[in-house]
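There are structures below to look over.
Next come two complexes, and both contain chain A; in the first it sits with chain B, in the second with chain C.
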Partner chain A sequence: MSHSPQPDRVKYAFILPAFLLVLTITLFPLIYALVVSFQTIRIVPPIPPRFVGFDNYTEILGSARFWGSIQVTAVIVFISVALQYVLGFALALTLHHNVPGASLYRVSFLLPMFLAPVSVALIARMLFHPVLGPVNEFFTLFGLENLPFLTSPSFAIATLITVEVWQWTPFVVLLMLAGLQGLPSEVFEAARVDNISTWRRFRDLTFPMLLPLSVAVVFIRLIEGFKIIDTVFVLTGGGPGTSTETLTLFAYNEGFKKFNIGMTSALSFLFLIVVILFGTLYLAAAQRMIRRYQ
Partner chain B sequence: MKNLLLATALVPIASLANAACAPDYSGVTLTVSTQNGPFIASALKTAADSWEQKTCGTVEIVEFPFSELYPKFLTAMSQQTGDFDVIGFIPAWVPDFAPFLSVMPEEMQQGEDWQDIHPVYRERLMSWGGEIKSATMDGDMHMLNYRADLFEDEANKAAFKEQYGYELAAPVTWDQYYDIAEFFTGSDAVDYGTAEAYRRGGQQFWYFFSHAASYTNNPNTPGAMFFDPETMDAQINNPGWLRALEDYKRGLEFNPPGALNNGSGDVRPLYAGGTVAMNIDWADSGVLGATEGAIAGNVRTAVLPGSTEIWNSETESWDTFDTPVASPFLAFGGWQLAVPGDSENQEAAWSFVAEVTSPEVSGQAIVTANTGVNPYRLSHYENLDNWSAIFTPEEAKSYLGAQRGSLDAENVALDLRLPGFFSYTEVLEIELSKAIAGQVEPQEALDAIAAEWDKLTDEFGRDNQLAAYRAAMGLE
Partner chain C sequence: MLDSTDTPHIVFDRITKSFGATEVVPPLDLTINKGEFIVLVGPSGCGKTTTLRMLAGLESVTTGAVHIAGRDLTHARPGERDCAMVFQNYALYPHMSVRENIGYAMKVHGTPKEEIDARVGEAAALLGLEPYLDRKPRNLSGGQRQRVAIGRALVRHPQVFLFDEPLSNLDAKLRVEMRTEIKLLQKRLGTTAVYVTHDQVEAMTMADRVVVMRAGVIEQVDAPIRLYEEPANRFVANFIGSPAMNFFEVATRDGAAWLDGQRLPLSPETFARIGARDRVTLGIRPEHMDGGDAPAPLTLRCDTLEPLGAHTLVLGHVGEEKVVAQVEPRFPAEPGQECTVQIDMSKAHFFDIDSEARL
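Right, the complex of A and B next:
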């Protein structure tokens, strides 16, 4: 009795080289960075590598600057993403209902997203200039002259959030609009025939049907938001003190100002853990919400 | 016979061709690297053109963003890649680069051109460990800029004298500086008194150092400004530094609103545009004010203010002087050129460095817009006619006089040059920024900086750091 060749095994043999290649390319830098994170490596001044176990992690976890940067990042990200979602969804709904001049709005709303964050930050720096900026001119009309938009910790955080919202709300608009356009029109027509109010149509139909998309959009913005560096670097440099220093800016300073490679690698892994932690919590909460609406 | 005659005839022709390339570097291509232009890079390009004509060699200028220069140069030199024949960098990096740099040829260290370099650059900033391993191509220091139209106005002079009891003139002490800043902030003549950089990442710490030099660079304890030159203990939390920080913070009252977010790039147009009566800056403000500003013809420059009291870190008390001691601070110290030891074209590379820094080429660079090159040769300060395209005679006299006066000052203060420079200045910037924003008390901020500096010194090796610091301060 002869055995016929097993096509499945041959298939795997063909895939294996590509799989290994991708695995190597993807994993090698991570493994290398992980190894480095357990060493003291300084390029400047050059200090020979030395294995220090978890010392880098312990030092970072004991540093107030690290926890401060997590707090700053979390505040900017959660508030700005929440605002982006609410505003973005509202704008998408408006555009979906073909208000007069919708196509013009559609293009102009999307423009900020196409700008480089550095350019946005430079524009914002001029807009929020405490003496010459138009925002100052506006507040001066109400007797609020020379507000320290970029030099007081709370104002600076609020300014950073405003800039983030301005730049990234279009992303939410774009995706939510695509989602709205993909919804089945029959359901809404039936609702209209049954005389169901606009608010109920939104609450009971539009929102639940777009919930999976909303979860994905917010998740993408959260992950992207945690990487914020350009805007902060240009607008405040992380100051005053470290009151607007985000996690990525902290890592940049360790890596590219102090060339403390071991510490920076450890910081990168802690950053990864923080993002995974927040991401997991968010997805767990989002799943519960989706289940409730189902 | 015919061939012999032909060969004989060709010899002088060949000699003439060689004479056109003197010295002859035909076939040699130099890779010269510095920061992105136009500043510094454009000056190197101009010098490259003349060097190529003289030597028949070729120069390739490779530019990188400033933030990438340090790791690129250090990595290339430490790995002996031979990537660069000439590097343009800042004096603060010399301690880290010195082991990998070649020594300047003996013939370049003699003659008129050598003696023409101001001794502060020639003997102190270009020297490391008793050897000359770099060549200054740009002179840099902090100076005080002020406006002649305001300072020479009779009404202002009378009002100032009535209010403060002495004549309105360029301040020679920091107390006078704040009197003048206060006077103009409260006057109708101009919007604000002065402008300095306070922004974290905006070169703020050099401005702070300029204040601190007056209270801590004690001529009785040479080299003790930043660290104890015997133990390498940080000195930055002593009473001299505290007074400097309180002074520096006090200046915010006389700066335009939002000054906490002003870097050196913001300070220049504030002065050149006529918003402030004075500012502290490198030489750039003067040139900007005279060429593109609203105050053309009224640019005046002076040596930084000094003090009659300087902290003595040995006796731990204030030393008092009869007249104000000027301690002009050589902030940044200017750009330098060096030839890495792994360059395969060292002779040609040093020849190019000689061309860039020659009196003729550098004399043109200092008066050409956007080269970023400021005077560093004695001849640069003496040739006032050279500056007529930029300055009025009064402006040129004051501008060059202040630079020369700063360098000639007996108690001139050198910038910090230490391995791990950025690690030291990073913590300094953070704590300084907190203190001037009022988040922590000045003494608390200085104590935190001192603790971190001591920790860094231990981490990098106290003995190595001490040796480097002593070398930087000329205490070998």
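Right, the complex of A and C next:
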């Protein structure tokens, strides 16, 4: 009996539906957007699409606003994710060691994550109001009145980072706590019997054993963080000027204020490239670190 | 071989352990001598592991005190007790090589590198781990992992070794090999060892003294052979020995025990000790049912035979009670037929029917 592949073509007919489904659902919009990014399309006023080659891309790459938005996004993402990870891991460790009332903390720490970013931003806007907000009142106690939380570029970025950290640290807590609870307890008991201090147990056991999880958590937060738009939109609208404009907000402004769809598509693809670039660099670095331990 | 001296090394002074309202270990007293190999044995949930963990400091002691080498360490941290522990599932550091696993504690405590290397090398040679020193635990077999765990314990030169069912994840053949290795190692080092197992064969083969526990209570503490020959009660008699001891409810009168209408004569001393009773438990091990010093015939109905080569097991009934007899391979018995075995009455045990204590 021969086991060579069947020569008939029927097998392709069975694969075809799934293939078409994938094509229409995921690949078609992507390809469509790519095609659009090489055209000039305006919806308002409607003019027929015109093929312009790489004009959209060169225009974007030549604009200072684009590079500014990359910088703003990168600053917000890297600082806030670093803070989220450190704070989140610390809180997870605390909760893991069953402080009194841990279950209450566990629920309340997770709440910010369940709120819509828009409402978080709205609340933050009240909190950080330079005259009426409670944050202002707090700083007034130290003689720092009416700080320009949302109106000075560096203050605005710091405020955005604060809000991001507040909202997304719970995500890190949740995953790191799950990771901590999945670690084998005997390993730590063995270390305790061997008189290894708490700090060394963390440094030499907990941290390396959770490193793969940490890499994944930070990666998810980085990718998610790059997409930040709602918080910025509500809190600062990208201002003052374009000093807090992130990549996605920039794309939104192009698409829905100027209705320049071709330009927006090109911007989206550049955004994709930026994320892939940062993501790849990050994963390469993380891989190296994990390999050191495993 | 280092002889165990009679100086007390570990003393449990009426320790108890409660989880909430549930008392898992009622007041427990035990003294372990220096250099001794003590095995805590008992069925699941008898409190043996809890007792060991209280000694290690991994479990708090509810009341009472634990002394090691004369120091009260009841509330000391695990690290202050100078014990080394081997866990059931090895508890190796998964991201460290064998070398790092064994040397880790010494490295943290600032031992010079040359000494760490020397001691790791010594332990690896002793345990046959030299070819694997640079492997990670996940690339080792179960037996190798357990040897790494033992190596990690012994390089520290601790005062006390603690073993928590270290062999139960290994296959039968490896278990037999490892138990010999552990015992020889402990004798060579002369370190006091406390070993927990639910396997009575492990307990018998390894221990200087065996502690049989049930529901947190120590039933008997004795040398293995005394445990076998003079079990303190029916529980110990049943737990020690394989196949397990046969128990019959008999009456004693006229210098004999009466089982299902059959007369089993007793020596005058034995009868004098037990006296005439309407109901008493007679215990006889299967291996003592094929003749001996004081043979007494017992007729039983044979249900099935289990030939094991060196000897054969006859599984049958006497009246309503089940019986297992270990006889010579050519013993004339047929399933479904009656057969007669010779009980060695000098090896019979008697237990009170209510208190189950040895008579």
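Here is the rule we go by: the second predicted complex is superposed on the first by the 277 of 294 C-alpha atoms of A that agree within 3 Å, B and C clash if a C-alpha of one lies under 4 Å from a C-alpha of the other, contacts with A are read in each partner's own complex, and residues count from 1 in each chain.
FYI, a contact is a pair of C-beta atoms (placed from the backbone, for glycine too) under 8 Å apart; a residue touches a chain by one contact, two chains touch by 3 or more.
Note that this is a predicted model, so its numbers are computed, not measured.
Here chain A is shared; do chain B and chain C fit on it together or clash?
fit
When the shared chain A is used to line up the two structures, what angle, as a multiple of 10 degrees, is there at the CA centre of chain A toward chain B and chain C?
Nearest-10 rounding gives 150 degrees.
Just to be sure I read the superposition right, which of the two partners does A:S63 touch: chain B = first, chain C = second, or both, or neither?
Touch status of A:S63: no partner.
After lining up the shared chain so the two structures overlap, which partner does A:K258 touch, if you call chain B first and chain C second: first, second, both or neither?
It touches chain B, and chain C stays clear.
As a test of reading the superposition: which chain, chain B or chain C, is in touch with more residues of chain A?
Touching more of chain A: B.
Output check: A:Y293 vs chain B and chain C. Expected answer is one of first, second, both, neither. What do you get?
second
If you stack the two complexes on chain A, which partner ends up touching A:P130: first (chain B), second (chain C), both, or neither?
Only chain B is touched by A:P130; chain C is not.
Tell me which partner A:T94 touches in the superposition: chain B (first), chain C (second), both or neither.
Touch status of A:T94: no partner.
After lining up the shared chain so the two structures overlap, which partner does A:V193 touch, if you call chain B first and chain C second: first, second, both or neither?
After superposing on A, A:V193 lies in contact with chain C but is clear of chain B.
Given the touch rule stated above, what does A:T162 touch, chain B (first), chain C (second), both, or neither?
Once the two structures are laid over each other on A, A:T162 reaches no partner at all.
Return first, second, both or neither, reflecting whether A:P240 touches chain B, chain C, both chains, or no partner chain.
Touch partner of A:P240: chain B, not chain C.
Chain B to chain C: minimum CA distance in the overlay, Å?
Between chain B and chain C, the minimum C-alpha distance equals 52 Å.
Report, in rising order, the residues of chain A that make contact with chain B in one complex and with chain C in the other.
In the superposed arrangement, which is not itself an observed complex, chain A uses no residue for both chain B and chain C.
Could you pull out which chain C residues touch chain A in their complex?
56-58, 77-81, 83-85, 87-95, 104-105, 108-109, 136, 152, 156, 162
For a test of understanding, state which residues of chain B touch chain A in their complex under the given definition.
Per the touch definition, chain B meets chain A at residues 67, 70-71, 74-75, 78, 95-96, 199-202, 256-258, 260-261, 419-420, 422-423, 426, 430-431, 433-434, 436-437, 439-440, 459-460, 464.
Going by the contact rule at the top, pick out the chain A residues touching chain B in the complex.
That would be residues 42-47, 65, 129-131, 146, 148-153, 233, 236-243, 253, 256-260 of chain A.
Hey, which residues of chain A end up touching chain C in the complex?
184, 186-187, 189-197, 200, 204-205, 208-209, 293-294
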